[in-house]
Amino acid sequence: MTHNIAILGASGYTGAELVRLIATHPNMKIAALSADRKAGMVMADVFPHLRHLSLPTLCTIDEIDFSTVDLCFCALPHKTSQQVIAALPAPLKIVDLSADFRLRDPAAYEKWYGNAHSALAQQDEAVYGLTEFYRDEITAARLVAGTGCNAATGQFALRPLIANAVIDLDDIILDLKCAVSGAGRSLKENLLHAELSEGTNAYAVGGTHRHLGEFDQEFSRLARRPVKVQFTPHLIPANRGILATCYVKGDAQIVYDTLCTAYADEVFIHMLPFGATPSTHDVRGSNFCHIGVTADRIENRAIVVATLDNLTKGSSGQALQNANLMLGEDETEGLMLAPLFP
Amino acid sequence: MTHNIAILGASGYTGAELVRLIATHPNMKIAALSADRKAGMVMADVFPHLRHLSLPTLCTIDEIDFSTVDLCFCALPHKTSQQVIAALPAPLKIVDLSADFRLRDPAAYEKWYGNAHSALAQQDEAVYGLTEFYRDEITAARLVAGTGCNAATGQFALRPLIANAVIDLDDIILDLKCAVSGAGRSLKENLLHAELSEGTNAYAVGGTHRHLGEFDQEFSRLARRPVKVQFTPHLIPANRGILATCYVKGDAQIVYDTLCTAYADEVFIHMLPFGATPSTHDVRGSNFCHIGVTADRIENRAIVVATLDNLTKGSSGQALQNANLMLGEDETEGLMLAPLFP
Amino acid sequence: MTHNIAILGASGYTGAELVRLIATHPNMKIAALSADRKAGMVMADVFPHLRHLSLPTLCTIDEIDFSTVDLCFCALPHKTSQQVIAALPAPLKIVDLSADFRLRDPAAYEKWYGNAHSALAQQDEAVYGLTEFYRDEITAARLVAGTGCNAATGQFALRPLIANAVIDLDDIILDLKCAVSGAGRSLKENLLHAELSEGTNAYAVGGTHRHLGEFDQEFSRLARRPVKVQFTPHLIPANRGILATCYVKGDAQIVYDTLCTAYADEVFIHMLPFGATPSTHDVRGSNFCHIGVTADRIENRAIVVATLDNLTKGSSGQALQNANLMLGEDETEGLMLAPLFP
Amino acid sequence: MTHNIAILGASGYTGAELVRLIATHPNMKIAALSADRKAGMVMADVFPHLRHLSLPTLCTIDEIDFSTVDLCFCALPHKTSQQVIAALPAPLKIVDLSADFRLRDPAAYEKWYGNAHSALAQQDEAVYGLTEFYRDEITAARLVAGTGCNAATGQFALRPLIANAVIDLDDIILDLKCAVSGAGRSLKENLLHAELSEGTNAYAVGGTHRHLGEFDQEFSRLARRPVKVQFTPHLIPANRGILATCYVKGDAQIVYDTLCTAYADEVFIHMLPFGATPSTHDVRGSNFCHIGVTADRIENRAIVVATLDNLTKGSSGQALQNANLMLGEDETEGLMLAPLFP
């Protein structure tokens, strides 16, 4: 059975990534693509790399007949997303890729995003989209909130450790190296090739990055008490990939075993041998997450390094994985593409 | 029906690319992977990006039981390849990715490669592997010689123009921009990140690049008289992609129409609108070739720009396309992956 | 004696490059820096790499007391530049880095830039700033027009060949590979790291790039008859550097000897040994230009490859070289910095 | 007065960087350049970017007449360096760039480098070359040991904090992002453009990187008790630059003030405004080090980020700074070149 799919916000990187992945999905058909400012254009003019596909012309959201749509991916900017989703027909299944439904607590949303939430009913209904940890809820959900790409990476490294209390909860440091596509197709000086290539810098230092809202929510929920982590992202001259270097206090072997146990049956999460370290190069363009654990020379300290592709496992791949569950498809359908190396 | 596949030389980039592509092919199974110096290693240690696949352990060629193999990809260095292929069991279907069987004339081989050919019977039997132009011969072939990646790019831009005599045959210039993976996994100073990134240079200037042997052979055959082109490759700081800028003398509109006619039914060759120019970014990781034609301000001159991914359409993708034909599979099977952008 | 220098348009790349170079010039002092939209900011906030220098706060042009300024570099956008320069005090020495005064013929200016010139008196007075070929005129000039960076590269490769009539004037092809800083600090999608890195494409194909106005003017003047060249620029994933691959018809040895003779006494122009090819890597950050000549395998064809740093020798370094002449300084003062490699 | 300079090991990156810097030094003359395997070659063939300089032909060390040399830079591999230096004439001033004389304790040397030291007298005599902290000793020294580039970056961030006991000495984490030229001109697969560009990975995780020997030595000496830090380097796709993100426990404002006080009179060390973060882009090719301090959202935690160019301030620039002191030159001579941006 073929599912009719709509993608709202198809002119951004996550929209294009959804199209790339769905292109080889056997049971999905792209029925509508919206891009308000580019409505009327053909996708090949917006993204020439999709030229070989037969795709609907870009349209406005209003022009879409949602009665024929089985599932809608919403790849719009946050704030816009909550308004659009609140207005969509009630029974429509939705996977949202924005930040709008990630935080359950309206006050937390307002704290991190600076405005009151305008779709409280949907916020209440939404399921957090970290597939490996919310599989049952996602399968049953109507509205799933895709996670932040940094938030996903950090959680894959740390959730089992926090849930099993094998590390010190008050001393967790995440140092992230983030590729530039995570910032989207935005025209900013620091994203220009001339200013970004050949170097690196930290940003949102000191606890101001919005994905901390997700870490706080999820880690505190797991620990059943407040957990606050330190999180410093760095921009690196690469287009895809996040590498999270996590410094934790605990026995490295226990840390490793805990992660191995947690991910033993997961198709997309791969534990490296103890002491090995992953590389963003090895997951590029794929839905896989690689995790390595090393013991530090200082007793009772471990370094957990996790990596994934921010546009795939960190965003559009995760969204498709969730959509598969919601539509009764095999969870891995369309997602087993091998990474692109070199 | 599942075909058993062997890949000789699996520890190089084209070997890894074959594995990547075959991984999503519905009717192929990798039965053996050889890599002489790395025999005994598991593929995940040589190429961690293939960690998620169940693959045979690397072995020596001698260890392979070819009686159970339906088709063998040979991704060995030239010179080695001819020796190995000469010794393989006679009825085995082979797609060779080296330069050893591209030139039909033993004298031409010796001229460009500096040594006498040691497998003349196989050289005589081999079919040139540019699928779109040798489809019938390839379908019937036992041994197919994959083309040079630069040679493929230039031929896609020029073959129909030469065959239809719509350009001056004595004044053809190909200026190529080539990504670094075309040089393979070789340890050379000029391939180091520190020396290659952030700049460009020409190499093999003046008519010394070996792929000229293929241009000479194929273009002269099409024209039924000697045709010599000028060809200057440049190394650019990118890992995948070739862009061929071809300067020809002829009417640009006729040039364009001739190419459009030639490729009207081809799945993998896409003509851009007249006056548009392709980008290597838009074919990365895919089996597609994009071609654009522009009229110069000087009368009767046209610029034809063709681009493809050297590891896919220029090498391993082409090889798989040929293998599909040889095994009775649909030509596009396993090859419709969309390009990776950004 | 110290010269007081003003730089108008100091918040762009060429402005910053002027500051970088002047920083080690023994006889120049930066007296004023303008940047209309960033007036009031300190340079360290606009360009943190200049943090170690004591520099004037950015101001508007109106705030500058030009009576104390010996020479003014004008690094403004074209069109703006002609308006500003027309209004500057008459005796002030000016080096303009925009395109506004490069073309002598007002009709040619209008053809290439789309608007009538509004400072015809200054246009008439301006000297073309290709130092090695207009040294005397520049020394005596009040207003010097910096050349286009692509135009400079192509002219270094070709001027002596055209002037000495050693090549076919009707069949000259320039294929340029251009780093991204030539496009300035402009916010465009195709200049984003995510869209530019890891690939290349041609642009302004077919004879539409504005620097052709300079080639037409200068080459026709040298040949005393109209000369039109073919010129195709390509954007490469690098921040600095232009490589011009020039295809000419003529005897390669004579071509080489002609260039060697022409540049025998030039400090900044270096001829490589016959048959060697230059690399953008070897001139990065410097005022040097490297040129190589190779004979093609086809008789009477030569390939001339020239490279320089577009921001230095192609723009701000050239401007400083001209300013040195205008102020009676040694031409090389402040310009002997070695290239940065790797 | 002009000092005659010899550089041993001139065919590596740090050797070339020394030549680049000395090229604009008013009082140094390069009298000899050695490179054993490339003896007899001219420097322009080894490093074409130095083509414009008049330099001695490369020779073997034996061919150098050290009686005419005032100071010798030794840019040889470790182990080789100690053997060569032990055999140099006694009164010769030497700045060593290898790891051989950085550790004062022969046992520590053997622990980190795996072999017994063979030049114990020189090891005993050598002064640790972190200029800003050993200025007087360096001025009086005959033999100065250049620091590790990672070790320099981390020490600039942390020394004043440890010396003034304003942070918890038992909980210091250094997460470093390191450009590839720090690995030298070595032919390794992971340094190839195809394998390094477009991604990142950690290496020497868990406390195995040799520069920890320097951190242990220096920090323990400052604290007068053993101090062990956690240190994880990451390779990033850039050619120059190290960014050290240091996680410390202490009051951020006190941390900031302590660093400001320590570096108030230093020409090359620049403190950013409180809360600002530095970028490797802003020090590229220069001898400057930029440091920023930010308070974390968690009380009593601060993030100190320091950046420098590994080849300049981290190696050859530091070496020249030390040589200036040893020769009675102004410490900054030849070192005030502005960073190259973009």
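Read from first to last, the chains carry the letters A, B, C and D; within each, the first residue is number 1.
Just so it is clear, contacts are C-beta pairs under 8 Å (C-beta built on N, C-alpha and C of every residue); 3 or more make two chains touch, one makes a residue touch a chain.
Since the model is a prediction, treat every value here as computed from it, not as a measurement.
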Chain whose average C-alpha position is farthest from chain D's own: B
Which of B-D and C-D has more C-beta contact pairs: C-D
Distance between the centres, which are taken as Cα means, of chain D and chain C, whole angstrom: 36
Chain B and chain D, separation of their C-alpha mean positions in angstrom: 45
Chain D residues counted as touching two or more neighbouring chains: 13, 181, 194, 197-198, 237, 239-240, 278-279, 281, 284, 342
List of chain C residues in touch with chain A within their complex: 13, 180-181, 185, 187-189, 191-194, 196-198, 237, 239
List of chain D residues in touch with chain A within their complex: 171, 173, 175, 177, 179, 194-195, 197-203, 205-208, 212, 228, 230, 232, 234, 236-241, 243, 245, 247, 275, 277-281, 284, 292, 294-298, 301, 303, 305, 307, 342
Chain C residues touching chain D - in the complex, by the definition given at the top: 13, 16, 19-20, 23-24, 47-53, 181, 197-198, 239-240, 267, 270, 272, 278-279, 281-286, 288, 290, 336-342
